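Paired with chain B in one complex and with chain C in the other, chain A is shared by the two complexes that follow.
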Partner chain A sequence: MTHDLSPVGRVLRSSTTEFVVGCQDLARVPTFGSFVKVKAHDGIWVYGAAYNVLIDDDPFVRQIIGNPHIPREVALDQKENRQTPIEVKVLVLGYARDGLVYQYLPPQPPATLSDVYPCTASEVTAFTDQLSYLRTILFTPQIPADELLAANLREAYLRRGGDREFLVEAGREAARLLKDEYDRLKAILSRIRPSLFRSSTPEPARRRGVT
Partner chain B sequence: MTLELGVLNQQVQTMARSLAGQREEYGQRLERLQAVFRSRAADLEGLRDLAISARGTGWQGAIPTEPLDATHPLPPCPAAMVICAADGSQIEVDRHGIAMYYLINLGSIVYCHGSGAAPTVRSEPTLFYREDELYEDGRLVQGNRLDSKRSVMELAKLAELASPGTTEPSLALVDGSLLLWVLEESRPEVREELVSRYLRQLDRLAQARGPVAGYLSRPRHHDVVSLLELAERGPDATAQERRLPFPPDRALFEHLLPGERTGLFIAGTQTNDMYGHHRVHFFYLNTGAEIARVEVPQWVAQDQGLMDDVHAGIFEQCRATGYPYVLARAHELAVVAGADRDEFERMVMAALLGQGLGVSPSMKAWLKELTGGRRSRRR
Partner chain C sequence: MRERQRIGTVIQGSLLEGLTAKLEPSASVESMRVGNFVVIEGQKKQFFSLITDVALDATNEQVLLDPPAGADDFANSILAGTSTFGTVKIAPMLMLDVESSLEDQGLRPVKTVPSHFSPVYEADEDDFLRVFQEDTVSGVERVGKKKFFEIGKPLNMEVPVCMDLERFVERSNGIFGKSGTGKSFLARLMLSGIIKSHAAVNLVFDMHNEYGWETQSEESGHFVKGLRQLFGPQVLSYTLDPESTRNRNVQPDGVVVIGLNQIQVEDVALLQEELNLTSTAVESSYLLVDRYRERWLQELLNMDAETLRDFARESGAHPEAMAALKRKLDMIGRLGFVKEHVDDSVIDEIVRSIESGRHVILEFGRYDNPRAYILVANIITRRIHDLYRKKTERYQQTKKPEDRPRQLMITIEEAHKFLNPVAARQTIFGTIAREMRKYFVTLLVIDQRPSGIDTEVLSQIGTKITALLNDEKDIEAVFTGVSGGGRLKGLLAALDPRQQALVLGYAVPMPVEVRARSYDEAFYKAMGHRERDEQRREAEKARMELFGE
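Coming up: the complex of A and B.
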């Protein structure tokens, strides 16, 4: 899978548990659940999953939108040229240093204005070889945790080349974590059924006979 | 908090009462002016002769070129039209800052009406720091002088954008007056030089044959009101009358229907005498949102086709936002926001440090930083 690896935006503000990315181009905004990375202090790459995209309004847009007569040129100018403030919230899931992945919170958050990149397929694969980060997603309050986990697993499944074994293992991990919350588990599992994926999905790359 | 709101409250109340008191007087005055307007509406020649002879004695008011009550309906807007606008903002020289420089940021937009395509937009910053850029005529380029420099750059940008080869109707818009505001206290030759730089850019626009216009939202001009005062009381009384609250011209043209405009007047400012064939004419237009003033050079005023393009083009531009869209965008593209400014200043500091130069602000600027005072260098 080819990927544009130029930055998708820059850090607007950050904390240990999450950061907000400012983006200018809606076409390049990280999709819900996808993995991004940003360099922090001391050679650390902080990894996270995008979980909320906010396209803010401003008084100028409000003035225009209240008008029934919006010329096409004006609408296109607003969509294509104006630096509409697009904010993407990212939940921090772990970090990597010297090629090793750590699925717990990094010692320091990324600095303001740091470039944020989409993760490559091999980075996604390396990160998702462990599944401890599922706990972080599931038990972070005030985020759409179940939807985020499902979207993130679908993304990881595809980026790993349609790795069915991964999906099954992730489902088991979710079942362990949600052993007392059947309804939540059911909702998540129904959102990651392989049959949901398009028929163009690549054939499983690393099938190991697990069903 | 240093603003003593308790103390200020009393003054604010007094101001409000005073303004309310003037309101009644203003109403009476407006009624009287409207009566003069009606009685002299058709007397074009009489008013024109009166105005021209009074101008010889230093009076600054409108010279009518059409009857006062002349109105022009909205002409149809061409199906395709290229509309450009340019606007600038500046960061002034900070004598207490780490280095002497100023910055002009030009925003511009080319909007092809009827094309269905997104407009082309640009923001172009220029840094001025050389000795001959910082000082002109032995004086620091700041305030009014920097404003004129910016106006010249805005017009030069428009001249660059107005492509002479195009067959489509076009319109170039600037925010505010076409009459360059130069301080009276400047030496006459300095004033002339500033104005002639501006006129050279108008020459370029005239060669491109695309009309240029200045758009003024909520204009406070009273050129036409001065003319009515002159007609009623004669030249001697007007000086005394000036002490009273002066209604703006636009109050006389509230009767315009949306899309309608007044006839053309010649602007009364003395600077206009230096403009030659660019002599500034103006009219008032009901944009649907307000009565705005539009200024055009003489070569536009005397060409019915160009006038129709200005009239229809501006009205069309006001439809989406009640103010010409291209001007709103050009301003937005020019304005330097606080965060960008801070970033730029950090960039300057880093570059100077990189060259081994000292970068300390003056003690005054430093103390202001410590006490939370904000430097007022923004436009």
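Coming up: the complex of A and C.
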């Protein structure tokens, strides 16, 4: 399988339900809620959504943190050439094999040091054509599930080229899953309203209006 | 598989209470209408059903307590069909065994319910045709024994809804509706169908001169043709008031006069309410009959105060009651069409016309009051009743098909005056409504107050064609004798006040709401009517074909 994009990092730790990506460059860290994929055994590509970015300290930062004047190159070095990796937690949402998408947990987690890639627009579209992964996000304990779902749907909406129909369908799936938790549903819906995207949709006319 | 619009899924219900279906998110609750015809595809059977109620529901109370902000289209479109959804109540009416062999694929009354989550579809044209057949009376000539007549179209589709006229005339029928909802128009339609199909002979007591000749349509203000004009000499128009008929530039086929000798106590008893008679007064008239026989009324009206007192003393009648009886019956004597002595010739003529299969419409002209109407209708009908009883007995004896009496349908308006609980037990109409089906005579009752009709009679009414009714009691009355009728009540109050009617009963396989057919040129044509110049053209064409130039 070819990749349109270069890897964002490598697998640091992994389990069946989630894995941690070690990244070197803060600028290339997967954003909250975005889709990433990693190759596991047997031609399986494990898909997941990034949900927690941990920028850990190292002994050097501890020493220098109290210094009133931190040299600019040191700060830049912390961003671009870190001693300790930036850790990105990824919630496993499903996997793909031979072009088919399965929205349940893969048989095996990815091995450490496997390359992790961001998903392309067409991969996001193919994966989000099914919506049963919403359940995985909503009912995984101890993650900011509602925020993650909203961020993930916003991302998918944009990668699908501003597909309102998709947002409505996803909203409906969420409404079905949260039939007893209307407050959560409302919070999620308020975070994925299409009107939120007005200023960021790639419409040339709008862009020009912004100075 | 046909492409029908799926509107929902059966989620619960019972045969008695009806089914509940959850609407699909794509089906707008606003486009569901009470009375719509839907089909449920069960696993083994198709269920032809009616929507009887539409409701809003939510999976969670919270949604209702905290609805999304007014302008939030997005949230609304998501919640619609998921957290909030519409449900419809469905009354299954008929079922069809899908698996059974083609020969016995008959529609049967429902005896079970579809299984859980059976899909509900909006009925399409094929479903309507399967249930309501094709029009074989008007429209294209077809070979076939059954006489199906299009009464109208369903509210949301262009397919004919047909009635089985042979079944229709087999039992007494009712056309009900508030004043101004088109009862006489519906009656004209049905009468036309029956005349055209020869399903029965009609005798119409036409109180307001609406059926025989041209009348102004209440709706459009245009003049519409009467049955005499549509069907020519097959229909005879008699009148009680030749003057009024001639004033309308119409030549009646006969004039009816009633003799005092033809009036019986039974007729007077029927007028008890109209004339405000006490029951003592009615009973005293039997004393008169005892002495004077058929001349009783004539003698009574000729008595002066003295003779009346003498008669009361001799016969033991209450003098005041006798005086009241005379005073009130004087009104009958003063009716223009009542003569002292009349032989039965005119009535016999009417009876003979009916026997020969010609339809009779009796206009009342200016005597359009209930008093004259009840009196005349009762006298004539009594005679016909006797005749049919004899004929039927003869037929039962000989069993020859040619002796079989012609099916007769008698149309009466203001039927609650004849068939109210008191009158229904005494008048000939009550008897006909209850048991004359066996003697080939049935009634078509036209009324705006069905609750005034005796329930025993109502329950015997075969087919009911009902326009809008609002009064709770009237609606109740219409559904007397209809199983599961309670569920259909909503339909009746939701009808449009014009041209719409609910048809239920013996002549249709299941209740259905219709937009009644227009009574216009196209209808005249379907009934075989041709304008004069058209006839002339046809005659000319025939002449050319026969003889050439």
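Criterion: the second predicted complex is superposed on the first by the 192 of 211 C-alpha atoms of A that agree within 3 Å, B and C clash if a C-alpha of one lies under 4 Å from a C-alpha of the other, contacts with A are read in each partner's own complex, and residues count from 1 in each chain.
FYI, a residue touches a chain if its C-beta (ideal position, glycine included) is under 8 Å from a C-beta of that chain, and two chains touch if they have at least 3 such contacts.
Since this is a predicted model, take the numbers as computed values, not measurements.
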Fit or clash between chain C and chain B when superposed on chain A: fit
C-alpha centroid angle, chain C to chain B via chain A, nearest 10°: 170
Which superposed partner A:63 touches (first chain B, second chain C, both, neither): first
First, second, both or neither for A:25, with chain B first and chain C second: neither
Which superposed partner A:176 touches (first chain B, second chain C, both, neither): second
Touched partner set for A:189, first chain B, second chain C, both or neither: second
Contacts of A:77 with chain B and chain C, given as first, second, both or neither: first
Contacts of A:129 with chain B and chain C, given as first, second, both or neither: neither
Minimal inter-chain CA distance - chain C and chain B, angstrom: 49
Chain A positions touched by chain B in one structure and by chain C in the second: none
List of chain B residues in touch with chain A within their complex: 109, 111-113, 115-119, 121, 319-322, 325, 328-329, 332
Complex interface listing, chain C residues touching chain A: 25, 59-60, 62-63, 66, 68, 72, 74-75, 77-79, 81-83
Sites on chain A touched by chain C in the complex: 167-168, 171-172, 174-176, 179-180, 182-183, 185-186, 189-190, 193-195
Complex contacts: residues of chain A adjacent to chain B: 60, 63-64, 67, 69-74, 76-77, 79-82
